[in-house]
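Below are two complexes that have chain A in common, paired first with chain B and then with chain C.
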Partner chain A sequence: MILRLLNRACVLSGSVRLKSTLSTFFDEMGKSGIILKSATTGIFENLALEDWIHDHVDLQNRSMLLLWRNSPAVVIGRHQNPWQECNLPLMRRLGIPLARRRSGGGTVFHDFGNINMTFFTSKKKYDRHRNLKVITSALKALRPDLEVAATDRFDILLNSHYKISGTAAKLGRTSAYHHCTLLCSVDRSVLSSVLKSNTSEVIKSNATPSVPSPVRNLLDVDPTLDSDTIMNAIASQYSNEFGFDGPVITVDPTHEALMPGIHKMAQDLQMWEWIYGRTPKFSVCSSLVVDDVTVKLDMDIKNGAVEQCAMEIPEDWLPSEMVNEFTSALNGSKYCPNEAAVLVAAFTRTVSVTADVAEKIHRLCAGVVSVM
Partner chain B sequence: MAMCTILRCASVSLTSSLPRLSNRNALTPARLLARTCYKRALSTTTRFCAALKFTDKHEWVRVDSGVATVGISNFAQEALGDVVYCGLPEVGTKLAQSDEFGALESVKAASELYSPLTGEVTDVNDALADNPGLVNKSCYKDGWLIKMTVSIPEELDGLMNEAAYERYIKSIED
Partner chain C sequence: MVRSVPPSLIHHGMLRAASGPRRRCFRCCAVRAAVRSVHPDDMLSRSRCLTRSLGRSISALRQGNRALARRATSGISASQCVSVKSGPSCETRSSVYQIRYFNTTTAHRNEVITVKTPAFAESVTEGDVRWEKAVGDTVSEDEVVCEIETDKTSVQVPSPAAGVIEELLVPDGGKVEGGTPLFKLKKGAGAAKTTAAAPPPAAETPPPPAPPAAAAAPVGGPIPTSMPPVPPVPAQPIQSKPVSAIKPTAAPAAAAADPDAGAKAARSEHRVKMNRMRLRIAQRLKEAQNTCAMLTTFNEVDMSNITQMRTQYKDAFLKKHGIKLGFMSAFVKAAAYALTDQPAVNAVIDDTTKEIVYRDYVDISVAVATPKGLVVPVIRGVEGMNFADIEKTINELGEKARKNELAVEDMDGGTFTISNGGVFGSMFGTPIINPPQSAILGMHGIFDRPVAIAGKVEIRPMMYVALTYDHRLIDGREAVTFLRKIKSVVEDPRVLLLDM
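Right after this comes the complex of A and B.
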């Protein structure tokens, strides 16, 4: 049964023997360098694939390159604040998911026009400059006139000005991975609108910030450069640089039998507690205007939940007991528009209020939710 | 590094003041020290109780009255580069030895932190939130990461003392 799965899930070269997992397959292949390509375009499945390889594959005497692309998604670094980094309401409207990766670094936008590359090595062989050289050499081999170079920050710049690649990395017990993006033909208007936060001015946080840069697609400078051509060139250059041989192996990260535990890893990456709950403690200080009245809002958010909420509202607009009830309802809740709306609606049902006050509370809630 | 020397001297004087044991119970000085810190309160424990112990992941542990303080070694902080963020656990988190308990983000990468012992987190260094660079500037003192209880004191025996750790570093640098 596993053999059938293998045949369906992997495009393999040479003879296929019964293997228990992808990890043992690599061991038996005996190659010291392997190039993989992901068969899916789901951000969570692909991030889980990275984690699975990092945790289960023996990388002490073997290095690997994984090539992957995703349908539109925003990916934040491990210690970042999504409310500071991107426009969450816009992303919800456009159906663009948010993911938090386990490596550090800043926020990026992925779509099919972006290539992701993950270089897996032992900790000893961790060398980001060498990896980036694979990419710049591959591009120059394709188009010798292309002016691309890596910087000290491990970005790759086009024409010394436009960022076409950003880097992040994770160091584990004995192995490491370095991954980076490459802008080939990304939708730049979506990129710039989703990566612009609507609430960064009201947030005070010590989360790691992104460094915004002007970007460009490789397609903009050469319309004949498509993602597939570039991926093949990178795979070829990787083999040259590290002295490996062998074909590119396609892997389907949704096949649990090949990669036991990968399904749970993908599920864990989609949990609210990971994506939003891992945001470092921050505070929100905002002046909202509701019904021509200025409301001052102060909240402390810890682990993605409202730890403390205070509001200054003119007494004649809404009595202070109502304000206290409102803030109490939010205390301890997830910093999330749906949750806030549900809690406030529930509280207006339990407390007896006039229709007028209920309306005011409803509009106040809408104002508060606008910063979530 | 001077601090390490002081601790070494303290540990030597402690062992010489302990009662002699029969050969059957022959214990290494480090082991004596570890046991003493839990079983007895010595007057010399007020300043430096135990010597630093090290893991092969370059974390250090110092036990004082049953509470272990954990940090990363000088070798580790140099290798990491400037720390820009410390991702640490909540107080009350239960950790088994080698469990991942957080990560330090530096320009180099996000580096995972592994618990040197089994126990429960009792304190987290809040100073690191606004000043993560303390991990680089004062890795053995102000840059401590967490404090935890010690559920299995014997685990300390498996850790390296300072001399062994220094030999270990030399072997991996070659």
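Right after this comes the complex of A and C.
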């Protein structure tokens, strides 16, 4: 049994508790404020944990704080365009996954030096400023001369200039959650290179944009501040601020028996249709240079799939029927490098071409894929 | 079909809700009294006994079949609403509630409501709308229709009732303030969608048992809407024989909300346009079949030696190279060896210039079936590779695919293809040549079979292999020798070293 109570030596045994889920466990505890810590560092499992708690736990008379950290990942907001927000080819090379969360807001980079905090409350008790006050008070209690303050855009600024925390929230029917990040010791070079898109100039979209800001780690200002210290400080400040006396419980988001349905939620969050397919409609308008020839590319993408594709290529470089066939091969396909490559490869197999035309088609495809 | 129904139950051509509270009939706008104070002939009046009322409701439904046909659309959804609101304690009475609300919903059938933006929290003034549903989508009560993004917060806007989205009043990404009209909802379930005859996967309730239902499928011929489905599954918990028996004769309900449509509509069909890529590939395959003189030769391979080699070396291989040792490397290398030995199989006929093109290099395409169709990544220059190199290349291609970095160059070209039907359990089969190549090797499943070895019967793991080749270019003798070479290499890899 994974559920542990840190300040009580009580371990729930599987046979007794199999019938109950995490929400009934909270009901039985009877506490009005509970602090949870996630036992894993997978971004999808943790996002699924947030959603599960939001959907299944009764928050009318209870509030909760969830503290979690992830291995490197980029998380975009619910209505954002990943091609506009981050450098996807770089992320693929570095093996950094992309996730889309269910709350709004902008794009963030997570790694082990970043603490995530989710405040679960009922809709009536939803108060983001109070939540941020918990964080700033906790930090000030640790280091009184630290200059941290929350803005009315719900960011937390260090020395009034550097952003150390961003916020996003989701309001359901009866309950709500507000989550935010806190930069303690994040790898800033990776952060800045990954969050800088390589194709933003060619994209026209009305997706929610991110507002880039200069960032700083708390570790840069005070090398003695590490994530664990900060997490404990925030946990105790939360109890103080809201007058709770609940324990800190560690939860394993992969424990399906305790949280039925959570595995499927994590799977759904990893599907291409969710991460990329939920992008609001956008269009790509780019001029590629392939073999010293300028190719003008126009694509409309809806639900992550190419709805319409048009290319302008000089007739002497490639015959126009070939170009038309090429663009019609891409129509309806996912806006994804693998898929485009597969389609173009299948396309070249169906036409008998000379070797140099085949090579031109390869290079053209490489150019098109560079914007995906 | 409709037998004589007590006149009390038919009102303006509709089967009147026999056990409902006061309802307004939309035809005559007269207020009808509730059951309890009404008609002496009313079959369902004053019946508190569940089974009796059930029995009566069943016969009422059966008799009122055609009348119900036209109205049940709305009736069903309303009763679904009822079952949702009533909660589990009322399930046992839901069949009675079914009838109760038929009348009601017909009254509201054409009501279109405008849903406004909810008020925003914390003095926020405006937000962006992101649509989840489109015009024409059927939504149930409380299903999310759109999300409004205000200042880093995502607020869901649920549908106040079940119905069909009629109009979206704000474009996707448009700005709204609290109180701005968002969309128009036509109450009542799927009236617009009843013409969709194909059985849509109804997510609301699980399908009731089909057997008695399927038999009496399309009862009541001239039904203007779709095929006659069943009353919905609020009846489910009661599961008694009579309840399932009413299904076939009961009126059609909203096709969109119909769980039993699967059983009934099994006879309809739906058409999907072939996409261009599929058409082109089909055309090319047929062209190849018409120009090539295609035929297949078979052989069988004893996999015991290679299996033993693999078991003996797999751990050390994993340790040294960091990847697993599989069977593909043996077959790929065997094919390369045989191709260098029989260059005709590695060649191709150029139909335009009527030349045979012989190639000095061996690029082997490995056919992989994916949901999107056939993908053929190519291993280049196999003639110079050993088993470890081949496994590494296969692994790299797999990694590229996983990381979404496959390029066209990785999948184009190839002088020979290997296709493995064995992963799906195939025993024996004829692969089809992948144009513009001249031959293809098909591997099949490994099954234990009794074989004769040195005059005795032994059980060996055997695999059938097939070579489909173009007879214009490759003679029978060459094809058979080629396949035998592959067999000898896989059965004893030392042949490679000895160059036999």
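Heads up, the rule we're going with is that the second predicted complex is superposed on the first by the 353 of 372 C-alpha atoms of A that agree within 3 Å, B and C clash if a C-alpha of one lies under 4 Å from a C-alpha of the other, contacts with A are read in each partner's own complex, and residues count from 1 in each chain.
Keep in mind that, in the parts below, a residue touches a chain if its C-beta (ideal position, glycine included) is under 8 Å from a C-beta of that chain, and two chains touch if they have at least 3 such contacts.
This structure is a prediction, so every number in the text was calculated from the model and none was measured.
Student: For the three-chain model obtained by superposing on chain A, do chain B and chain C clash or fit?
Tutor: After superposition on chain A, which the two structures share, chain B runs into chain C.
Student: Quick one: classify A:S352 as touching chain B (first), chain C (second), both or neither.
Tutor: The answer is second: A:S352 touches chain C but not chain B.
Student: Please work out whether A:R216 is in contact with chain B alone, chain C alone, both, or neither, and reply first, second, both or neither.
Tutor: neither
Student: Who does A:K133 touch here: chain B (first), chain C (second), both, or neither?
Tutor: neither
Student: Quick check on the superposed pair: does A:R143 touch chain B, chain C, both, or neither? Answer first, second, both or neither.
Tutor: The answer is neither, since A:R143 touches no partner chain.
Student: Applying the document's definition of touching, compare chain B and chain C: which contacts more of chain A?
Tutor: Higher number of touched chain A residues: C.
Student: By the touch definition at the top of the document, which applies to A:K125: first (chain B), second (chain C), both, or neither?
Tutor: neither
Student: Looking at A:N206 after the superposition, I want to know if it touches chain B, chain C, both of them or none. Which is it: first, second, both, neither?
Tutor: Both: A:N206 reaches chain B and chain C.
Student: Could you look at A:G106 and tell me whether it touches chain B, chain C, both or neither (first, second, both, neither)?
Tutor: After superposition on chain A, A:G106 lies in contact with chain C alone.
Student: A:R78 in the overlay: touching chain B, chain C, both, or neither? Say first, second, both or neither.
Tutor: Once the two structures are laid over each other on A, A:R78 reaches both partners.
Student: Which region of chain C runs into chain B, 55-63, 91-99 or 163-171, after the two models are superposed?
Tutor: Superposition on chain A puts chain B right on top of 163-171.
Student: Residue overlap on chain A between the chain B contact set and the chain C contact set?
Tutor: Common to the two interfaces on chain A: residues 77-79, 102-105, 126, 153, 168-173, 206-208, 280-281.
Student: Given the complex with chain B, which residues does chain A contribute to the contact?
Tutor: 77-79, 102-105, 126, 153, 168-173, 176, 178, 206-208, 278, 280-281, 303
Student: If we count contacts the way the header does, which residues on chain B are in touch with chain A in the complex?
Tutor: 57, 84-85, 87, 90, 103, 105-112, 114, 129-130
Student: Going by the contact rule set out above, which residues of chain A touch chain C in the complex?
Tutor: Answer in residue numbers: 77-79, 92-93, 95, 102-106, 126, 128, 153-154, 166-173, 206-208, 280-281, 325, 328-329, 331-332, 336-339, 341-350, 352, 358, 361-362, 365-366, 369.
Student: Which of the residues in chain C end up touching chain A in this complex?
Tutor: Against chain A, the touching part of chain C is residues 121-122, 128, 130, 142, 147, 149-156, 158, 172-173, 275-277, 280-281, 283-284, 352, 370, 372-376, 401, 403-412, 434-436.
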